[in-house]
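There are structures below to look over.
Shared between the two complexes below is chain A, which pairs with chain B and chain C, respectively.
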Partner chain A sequence: MRLKVNGKEVEAKEGALLLEVAPVPTLCHHPHTETRGVCRLCLVEVNGRLAPACATEVREGMEVRTDTEGLKALRRTLLEWLALTTDLSLAPGLLGLMAAYGAEPGRWKEAPSRRGRPPIRDNPFFLRDYAKCVNCRRCVDACGDGIMGVYALTLAGRGLQAHPTTPLDRPLPETPCVFCGNCVQVCPTGALRPLALEVG
Partner chain B sequence: MMRTTCPYCGVGCQVEPEVREGRVVRVLAPDLPPNHGALCVKGRFGLDFPFSGKRLLYPMVRERKGAPLRRATWEEALDFAAGKLLEVLRRKGPGGIAVFPSAKTTNEEVYLAQKLARALLSTHNVDHCSRLCHSSSTAALSRSLGGASMTNPIEDVWKTDLFLVVGSNTTETHPVIAAMIKKRVRQGARMIVVDPRYTGMAEAATLWLRVRPGTDVFLLNAMARYLLEEGLWDRAYVEARTEGFAEWRASLEGYTLEAAQEVTGVPKEGIAEAARLYATTERAGAYWAMGVTQHTKGTATAQALVNLALLTGKVGKEGAGLNPLRGQNNVQGAGDMGALPDVYPGYLRVAEEGPRRRFEALWGVPLPEAPGLRMTEVFAAIPEVEAIYLIGEDPVTSEPYQDHVKEKLLALPFLVVQDILENETTPFADVVLPAASFLEKEGTFTNTDRRVQRVRKLLDPPGEARPDWWITQELGKRLAQALGRPWPTYPGPETIWEEVRRAIPEMVGGISYARLEAQGVRWPCPEEGHPGEAVLFREGFNTPTGKARFFPAPYTPPAETPSPDYPLTLSTGRVLFHWHGGTLSRNSQLNQAYPELKVEVNPIDAKRLGLEDGEPVYVVSRRGRIRARAWVTERTPEGVVYAPFHFAEAPANRLTLDALDPVSRIPEYKVSAVRLEKAD
Partner chain C sequence: MEQPSLLPLLDERLPLTEEKVAEAARLAGVPLAQAWGVVAYYPRYRGLPQGRLLVDDPVARARGFSRLREEAEGTYPPLGLEALSPVYLRFTEKGRFLEWEGRWVPFREFRLPFALGRGHGLLPPEPAPTLAQYLALGGLGGLRAWKGGLLDPGKVLKAVEEAGLLGRGGAAFPTHVKMRAVAQGQAPKYLVVNADESEPGNFKDRFLLEHHPFLVLEGALLAALAVGASRVYLYVREEFEAAILGLERAIRELEEAGFLFVPTEVFRSGGLYICGEETALLESMEGKRAEPRLKPPFPVERGLWGRPTLVQNVETLANLPLLLREGPEAWRRKEPKLFSISGDVARPGLYELPLGTPLGEALRRAGGEPEALQAVLLGGAAGVFTRDWDLPLAYGGRLPLGAGAIVAFGKDVDLWEVLEGLAHFFQEESCGKCFPCPLGTAVQVGMVRRRERDPSLLQDLAATLRGSLCGLGQSAFWAYRSLLEVEGAA
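This part shows the complex of A and B:
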């Protein structure tokens, strides 16, 4: 089917996501964890209305804009708030996007932050450092429906208190966790990282 | 980032290890087949064994029995090994020597080691660890279908609507395939699991049949008989594509549902339902592992699965097939490369003239006609067999009846051990040759679904360790010189692979290193332009008639049954965090997650013995005793204890017996009689 992206005609297969034909930044989306629509960084305008490109299928005749001033301002603000509330020091992808969108977190002054959360070291293999977590859900879905079907991770709390954790906050070795580290692989911010990286 | 292939199980996951200052700091997986970014704990966190303090760093020799192993130069060690082998060859003839290539080494290395045995030592006494693993599956599959591998590719999981999983603890032993199967079940496929233990697969199953250990063949035969009675079989398929049907059908007489319930302990309604589901689902695939094969009736049990699949027309179709899940990273390749006593590379029969002529022409030597001894037979034949060249294997931990194996190794006049790490067998060696690990050499592994994949060098070997292909080549050079036989010098693994392509073009002729740069390619792949076959036997089978053959698969009781003194059944196997004899996993980070032996004991048995969860306990068989910690759990049924065999200090194989399957000569690791004693 045919649609227009930023004024140009493009061809797409039925069932394809807008993400596959429209150039947009992403954060929560991952092909194997099936996470979508959480972070809002990939919002585009479809016939004048906002829609997440990672969760919207292409339709014949769609008019899609990915880079209006409004969208740029929205992404910039989203990035600024991520940076205000989260330690992004191990997220080179997001730091790159911040530079590209001219993000200046300082203009919002102070905000409640996750940065104070102490890292959790409860197993021989990897660290859970939720000061660096942006709640993208990739880890939760990699552990659950997306890849493993193990369900050792879940999301708890609301708003800025929300964060991934284990059922009943148990240490990982007391959960069904099989330590496959697929959560570590899909984590975009370094919140989950191998202990081997820490030593030395 | 350099891409290579995981050295643990047969799934063959693609990995990108990040090495910093001599340590693996992170392992990521690329979005490529077969694993598409997913890994298990072993691939993700267990690739640090090459940095273990137990690495063998220089060659060693023991000049006479009783003397200590001493450090030697490569020249000295290789000259010494070659001299001793030639001495045995002169005195005993070719039958006095056996060569065991390793399913952990590359295709190129296995090919070279079996070539050394056949072309230089004139013996077909060549075998590998598959003897202890899937030899019963390959025996049944070879005689029925003319092929010894999974018939369907791993990605057929996504096209399968019913999984019949028999004796496979897939979530722990092939975790990445298990995750795929479980996801497919979440999408709506159904799964029948046949297993005495409540494994992760049983937990995810639509229908779990808790058979008594060693009775699977009775259950499978009863399913077939029931389907014949109900008319739920594929008459057109059986008539067009099979032979031996009438004789096999007659052999099923006694396998009624009632008798099956009595023998297997599974309610007959469950057996009937499983049979109906399997027969009436178009895309139904059978998957199995050691629960089927490691019995004195292992070949019969694998055969019963083959028969059932043929009866219902499931072979040669997408999303179906017969799929033995292979254990070692390159166990498929080791068989493909001819590390077997009865076949050359490409499964060409040693006893047939055509294959012999082919390899005589290729190698420029006369070759013997009679097949050689199998691994279990070689150990039994010591000291008639006087010398063993053992590569990458720890028989003291992995063979059954450990005390007996140790006696045999003490009685063996000459043992060459080639390995990367010190293990329980190293002390018995007369020559120790230090090898390079998978991170330190080039080559290829072939995974469980016949995909040939690259292994790449990321690091230099430590100390004086050298790649296995280099060591075998240097040893061969010395033997060839003394024997006046040809032995080309290969500059590297790719040249060896080129010779393999010329040797068996019908299998791997189209697979070049250049092609493997992008991703792995499956055999059969006869030409460069060929994509590699995914589903085998779509048209015909690899048998002389092109038809698949039914074989009767009779039930026989296990070799050792419980008695008043030994009232419990011991089953052995693996756990998620460890690998076989433990040489790799126990020298890696993985050991921190599972540091000591735990024996699964059912709560009813525990109560009878007054045993609490976590208490120390002795497990005792007629052959020995080991100390373990009791894990009181309903995972294991009443009357059955389960012990993983990874722990050298508490070796489960001190307890197992060396009763063998008459066809494949596989040991009965899954059934021996034991008792528990409280340890204070």
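This part shows the complex of A and C:
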């Protein structure tokens, strides 16, 4: 099937995601988990309407734009807000995007921060450092419906307070966790990271 | 419910312990992780605030909020009491009360004063809490016609289409399109009545539920029959306790009288603004965190438990009996719409007006003098400030009507203080699922507090919030942007 991306005709297979034909940054989408449509970094305009490229299938005759002024402002601003509220020091991909989009978090002056959250070290294998967590849910989905079906992770709170936690907020060894490491693998920000990489 | 649902199982076990949460999860057949996510989401499972609480609505914000706030130990989100605002609540071990005329009235007894309602088509000329009273007002004609074989699905759908009835919850989507989509779906199918009215400034559904339960039920049953739904759920804001008891009584009466053609029950809402978003509402019924789903698929295809589901607002359904009685032509000529008018007008209340009525005239009906006003907030928190008194109150116009809230502000009101309340509301009510909304609503609070007027910041705030997953985030900047426009015009 044929569609237009930024004015150029492209071919795509039936059932393909816009992501496969449109050059956009992504954050929450991961091929192995069910998370998609959450971060909104991959938004594109389809016939003038906003749609997440990670959750929209190609259609014959679609007119897709990936880089309108509005979309650039959206990505730049989102990155600024993430940097303002969250410790992105172990997320080189996001830091690279910030540079590419000319992000200047300081122009927003103030915002509540998630940086104060203390790291949780409750098992010998990995650290849960939610000061670095952007709440993309990849870990929750990896542990639950997406990969493992173990359900050792869930979400607590709402709004900017929402963050991953364990059932009854218990230390991981007291949950159904089997320490498979899938959540660590899918975490895009270094919020979950192997203790083997920590020095001291 | 047809399937065990987590929220009612948790409600039966309040106050919760870890053992009780685990037990509810087992009975609902869900992982403990899901149950814990739910407990850590809805306010009532973490324990409600106690003491004297000020209802923090836009009218209270306009009446010297900091002074009012000093008289209370905390605040509570808007409750459809704007016409009576400012209102204080008392939450104690004995229950929830409203301070009214020098008394503490329990929630289960408090209804909006009937005199607040002004209109005689859609609004009842007198309250009809019993079937006998509803019959005396000429009610039940639609269900009787159905019983007598004079009505069938085709006729109901045709009438709704000819009338051009648009959804009254805010989205103004053509009702017949949704109904037909569900009618064509495979059974089992459901009807969910969205009675989770929580948009600040609106109290129309609350009023209808409290004073005219049979009208709402008759409309719901007719819609359910027309689309072939096997069950009706009324998703009612859990604070509307008197309305819930009245509806449950009315359901029993209809059943005894042999008119409950589709099994019907009340579902107590999750108690958050976002629960009124139709897919978040369905998530909460399924025992999950009330977080909006990605659309498509839409509920008409995959709704409750993945089945085709018609989700309709209370006022939309309440129009069905009237529309069938008067015929689509006659109904359309006056197209009744309920407007919740509050704030700086002499007679705040609920006004039934034909769609298209100019804003200024609506205000005058409520004893307001447009020229003496600074602006109105039209639609609610997800609404706009305006002083366009000639604006016809119609769908598809220059400004969104929302569900029909009009909050009037006199010349002395500090609109920035009102806006601060709205910004705070959005920050509190953001579910946190997608990124732009929890971040943007938090940033917005700071901007409004420092009276930020930098157009480039506002433009980027708008461009980013617009990309949110659902209407809450998408509309969270409207009031802010419109206030700057009103300021510029003044």
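For this structure, a couple of remarks:
The definition used in the following text is that the second predicted complex is superposed on the first by the 199 of 200 C-alpha atoms of A that agree within 3 Å, B and C clash if a C-alpha of one lies under 4 Å from a C-alpha of the other, contacts with A are read in each partner's own complex, and residues count from 1 in each chain.
Operating definition for what follows: contacts are C-beta pairs under 8 Å (C-beta built on N, C-alpha and C of every residue); 3 or more make two chains touch, one makes a residue touch a chain.
Everything numeric in this text was worked out from a predicted model, so none of it was measured.
Once the two complexes are laid over each other on the shared chain, residue contacts for A:102 go to neither chain B nor chain C. In the superposition on chain A, A:171 makes contact with neither chain B nor chain C. By the touch criterion stated above, A:92 is placed in contact with neither chain B nor chain C. Contact with neither chain B nor chain C is seen for A:23 once the two complexes are overlaid on the shared chain.
Between chain B and chain C, it is C that contacts the larger number of residues in chain A. When both complexes are overlaid on chain A, the residue A:124 reaches chain B alone and has no touch with chain C. Of the two partner chains placed by the overlay, only chain C lies in contact with A:36; chain B stays clear of it. With both structures placed on the common chain, the touch criterion links A:158 to chain C but leaves chain B unconnected. Looking at the shared chain after the overlay, A:82 reaches chain C, while chain B stays out of its contact range.
Listed in rising order, the residues of chain A touching chain B in the complex are 31-32, 123-126, 145, 147-149, 173, 178-182, 184-186, 193-194, 196-197, 200. For chain A in complex with chain C, the touching residues are 27-28, 36-41, 43, 50, 52, 55, 70, 73-74, 76-78, 81-82, 84-85, 107-112, 134-135, 144, 151-162, 165-169. Contact residues on chain B toward chain A in their complex (touch as defined above): 21, 23-29, 31, 36-41, 44-45, 48, 171, 175, 179, 182-183, 186, 204, 576-577, 589, 592-593. Note for the complex: chain C touches chain A at residues 18, 21, 31-37, 40-41, 272, 289, 294, 427-436, 438-443, 446-447, 450, 457, 459-461, 463-464, 466-469.
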